[in-house]
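Chain lettering (A, B and C) follows the sequence in which the chains are written, and residue indices restart at 1 in each chain.
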Amino acid sequence: MSRQASQRVAFALISLAAALVIVAILFIAGTIAVQGMGALSWEFLTGVPGDGMKAGGIMPAIIGTLLLTLGTAVTAVPLGVGAAIYLSEYSQDSGFTRAIRIAIINLAGIPSVVYGLFGLGLFVLFMRFGTSILAGSLTLGIMTLPVIISTAEEALRAVPQSFRVVSTSLGATRWQTIRQVVLPQALPGILTGVILGLERAAGETAPILFTVAAFFLPRLPSSIFDQTMALPYHLFVISTQVPGMPIRIQYGTALVLLCFVLSMNVAATLVRSRFRRRRQW
Amino acid sequence: MSLEAKVQIKSLSIRYSDGTESLRDVSLDLYARQINVLFGPAGGGKSTLLRAINRLNDLVEVAERRGEILLDGKDIYAPDLDVVALRRRVGMVFARPVPLPMTIRQNLHYGPQLAGVRGTRLDELAEKGLRQAAIWDEVKDRLDEPASSLSGGQQQRLCLARTLTLEPEVILLDEPTSGLDPISTAKVESSLQQLKEAYTIVIVPHSVQQAARVADQAAFFLQGELIEYGPGAKLFTRPSDQRTEDYITGRFG
Amino acid sequence: MKKSSWWEFGIERAVQLAGVSAIVFVILILLFLIRESVPGFADVSPGELLGERWYPTEGRYGLLPLIAGSLLVVLGAAVMALPLGLATAIFVAEVSPRWAREVLKPLIEVLAGIPSVVLGFIGMLVLAPSVRILTGAPTGLTAFTGSLLLALMALPTIVSVAEDAIDAVPKSYRDGALALGATRWQTTWRVVLPAARSGILTAMMLGIGRAIGETMTVMMVTGNAARIPKRIGDLFYPVRTMTATIAAEMGEVAQASTHYHVLFVIGISLFLISFLINLAAAIVVFRQARRSERVLS
C-alpha cells in the first residue's frame, strides 16, 4: 500500500472512531431529552411523589440535590482553594509538599463507593451524625476536594510571576499580593474548577447511598441532621427498585438530573470564555 | 560636589540553589544624586545585585549569601529589619513593563494605598509620579482605562511613575529600556537625568552605548565579579582593566 | 506593623492547614477502612476470602467471583476504550478540522458530566435489550453491557489526558519529520505518538482506574450474578463486580455483622488497587516532567 493510501486509511479509521463517539453521546443525550420531555411539567418539578412514587413530582429530590451541592461547596471550596493557595503561593518543593501532592492524587483516584464506605464509617457511625445531609455533604466535599485543589492551583499558577514580583517591589506583603493581584486574576479559573467539581458531586450516587439518601421522603428536610432525597439516588430507586414504574417518570427524572448537571457545565464554560476575552495578559 | 555613599555593598556573595547567576565577593558604593551604572555581559550578576538591594531575592531560593549591604549605614539583611518598609525606600523598574491588571489610576494608587495613604493625597502622588516620568500629558485624560491599553513605551514610563509614587530614596532600574523604541528610550533617559537631582539611581543599561550615555558612576561586571568601577567619564575613556576595555570597544559581549 | 505580620503568619498557617487536610483525609479514609475491615479478616479466614462462592446469607464470603467479575468488565471496557479513546485523541489533536474539534471537545465534556446513574439507566432501558437481541443471550444484563458503558465513561479521561500529551509534543518534531518527506500520518504514527507515549500511558491508566471504581452503572447493567467467568463467552453472561456488591448490599446488612466487615474488606482492596494505579500514573508523569526539564535546560 502506498504511503498516501495508508494515510487515507488511517485517517478514515480515526475519523470513524471519533464519529462513533459523537454518535454515542448524541444518542444518549437525545434519547433522554426526547423521552423525558413528555414528563416535564410544573407539577412534576414542584410536586411531591405520590402513589408509591408512581405519580406526582420530584421536588424533594431536586431540593435535596441542591442542598447537597451547597453542602459540598461549603466543605470543599474553602479547604480546596486554601490548599491550592498554599501549594502555588507559599510552599517550596519539599518532601512535605510532595506528600500533599501524592495525597491529592490518591484522593482523586479513590472509587466513589469507597468514599461512601468512609462516610458511613466516620461521619454516620463514629461521629454519630446519622444518615444526614451533614454526613453526605462532608463525604461529597472530601471527594470533590482533589478536583478543586488541582484546578485552582492551575489557575493560580497561570497568573504571571511578574505580577507577584512587581507587587512585592511596591511594598506589598505576600498575602496582600495574593489578595489584590493574584486571586482576582485567578478567580475565573478557580470558579470554573469549583463548578466542575460540584457538577461531579451533584451527579454522584454511590457516596450518598449510605450517608444521606432517603428512599422515599415526601417532605423537605428541616435540618442538616435530616435525611433527604436526591436526584441521582431517586433515579436509581425508581429505575431498579420499584416494579411497574411508569417509564415516562423515569425518563423525566433522568432529564432533570441531566439538565441540572449540564447547566453547571455550561456555567463553567461561560465563565471560562468570558474570562479569556477580558484578561489583560 | 562631594559624593555621598547611599548604598554600600561589602564583600557580597550570592549563589542560587539551582546554581545559576551568582556574585563573588563584590564591594561597591552607590552614590546619592548620581546615576550609578552596573554593566557588563549577560549573566554577570548585575540583576542579582539589583534585586539584592531591595531584597526581591527573598522571593527566590538563595542558597547562600555572604557579606552585607548597608543603606544609610544600616544592614538591610538585619533580622529585625522591616522588609516591606525597605522596599518602599528602594523602588524598582523592571526590564519588561509590567502594568498590574488594573486601570492606570489603580496602578499608581497601589503602592501608596498599601502604605496607608488615603484620599486626595493618592491622586497628588499619582500626578507627581506621572509628571516626573514625563507621561502626565499623555495619560491625564485616560487614567481610568486599563493600563494594558498603553503602548509599550508608555507602559514603561507608567511603571517608572508607579515606582515614584512611593517617593523612594533609591530607584533600581533593570534594563528599563530594553524593549523600547529610541524615542521612548530617550524620554526615559531624560527623566532619569531630572530624577537624579533628588534620588539615588542605580541602572543596569541594556547596551554599552546607553551605559556610556547616562553613567555618572559605572561598575563593570563579568561572570559574577566586579572588574572595576569609578566615574563614568574615566571608565569609558581610560579603563584600567584590559577586560573592561575589550568589552566597551566591542571585542566581546 | 506587628499586627500585620501576625495576620500574614495566620494566613500562611491557615492555607498550610488546608493543604495538610488532604493528607489527613487520606489517612482517615485508610484508617476507617482498616478499622471496619479488620474484624472481617478475623471472622473470615484468608482461604475463605479467596473462595469461589459469594453467598453471604449462608456465611460464604469468597471474593473470587467479585474480583473476577470486576476484572472481566474492566478488561472488556479497556479493550474498547483504549483504541477508541486514543483514536479520538489523535483525531482531535492531529487530524480534525477546526470546526470538528470545536464540536467534539465540548461533547466529550458533556459525556464526562453525565452522571453514572443516568448512563446506567440508559444502559438498562436501551442498551441491554439490544445486547440481548444481538447476542441471543437470555438477558441483556451482562458483563459485556457493563464493559460497553464503562468504556464510554473512561473515554473522556483517556481522550483529554492523551490529547494533552499529544499536544505537548513540540512542533519542531513535526516540522522535522515533515521536512524529511514523511506524510502527516507517518509523522503522527512514527514521531508524535512515540514522543507522547508516557502521557498516553498515563491516560490509559487513569481511564482504567476510573473504570475499576465505577459503581452505579455496573450495578445497574451487569446483572449482579456472583459467578466466576471462565471462558471468553462468559462476557455475555451476568457478573457481579466488587463495587456493585458494596453498593447493593451495604444498605441491607446489619451493622458490625461479618457481612458488613467483609464489605469493608472489598472497600479497602479497591482503595489499594486505585492507589497503586494512580501512583503508577503519577510516577510516569513525574519522570516525564523531569526528562523534559533536562531536555529544555
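As a convention for this text, a residue touches a chain if its C-beta (ideal position, glycine included) is under 8 Å from a C-beta of that chain, and two chains touch if they have at least 3 such contacts.
Everything numeric in this text was worked out from a predicted model, so none of it was measured.
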item: Highest-count interface - the chain pair sharing the most C-beta contacts; value: A-C
item: Identifier of the chain whose CA centre is least distant from the whole-structure CA centre; value: A
item: Centroid comparison with chain B (C-alpha atoms), farthest chain; value: C
item: Centroid spacing, where centroids are CA-atom means, of chain A and chain B in whole angstrom; value: 48
item: Chain centre separation in whole Å, for chain C relative to chain A (CA means); value: 17
item: Where chain B and chain C are represented by their mean Cα positions, the distance between them in whole Å; value: 54
item: Sequence positions of chain B contacting 2 or more other chains; value: 85
item: Residue list for chain A, restricted to those that touch at least two other chains; value: 173
item: Touching two or more other chains - residues of chain C; value: none
item: Chain A residues within the chain C interface of the complex; value: 3-4, 6-7, 10-11, 13-15, 17-18, 20-22, 24-26, 28-29, 31-32, 78-83, 85-87, 89-91, 97, 99-100, 102-118, 120-122, 125-126, 142, 145-146, 149, 173-175, 199-200, 202-206, 209-210, 232-233, 235-236, 239-240, 247, 250, 254, 257-258, 261-262, 264-265, 269
item: Interfacial residue positions of chain B with respect to chain A in the complex; value: 54, 56, 59, 61, 84-85, 87-88, 91-92, 94, 96, 98, 100-101, 110-111, 114-115, 146-148, 159, 162-163, 166
item: Contacting residues of chain C [partner chain A, same complex]; value: 4-5, 7-8, 11-12, 14-23, 25-26, 28-29, 32-33, 35-36, 83-84, 87-88, 90-92, 95-96, 100, 103-104, 106-111, 113-122, 124-126, 152, 155, 159, 183-186, 189, 209, 212-216, 220, 243, 246-247, 250-251, 255, 263-264, 267, 270-271, 274-275, 277-279, 281-282
item: Chain B partner contacts - residues on chain A that touch it in the complex; value: 92, 160, 162-173, 176, 180-181, 184-185, 279-281
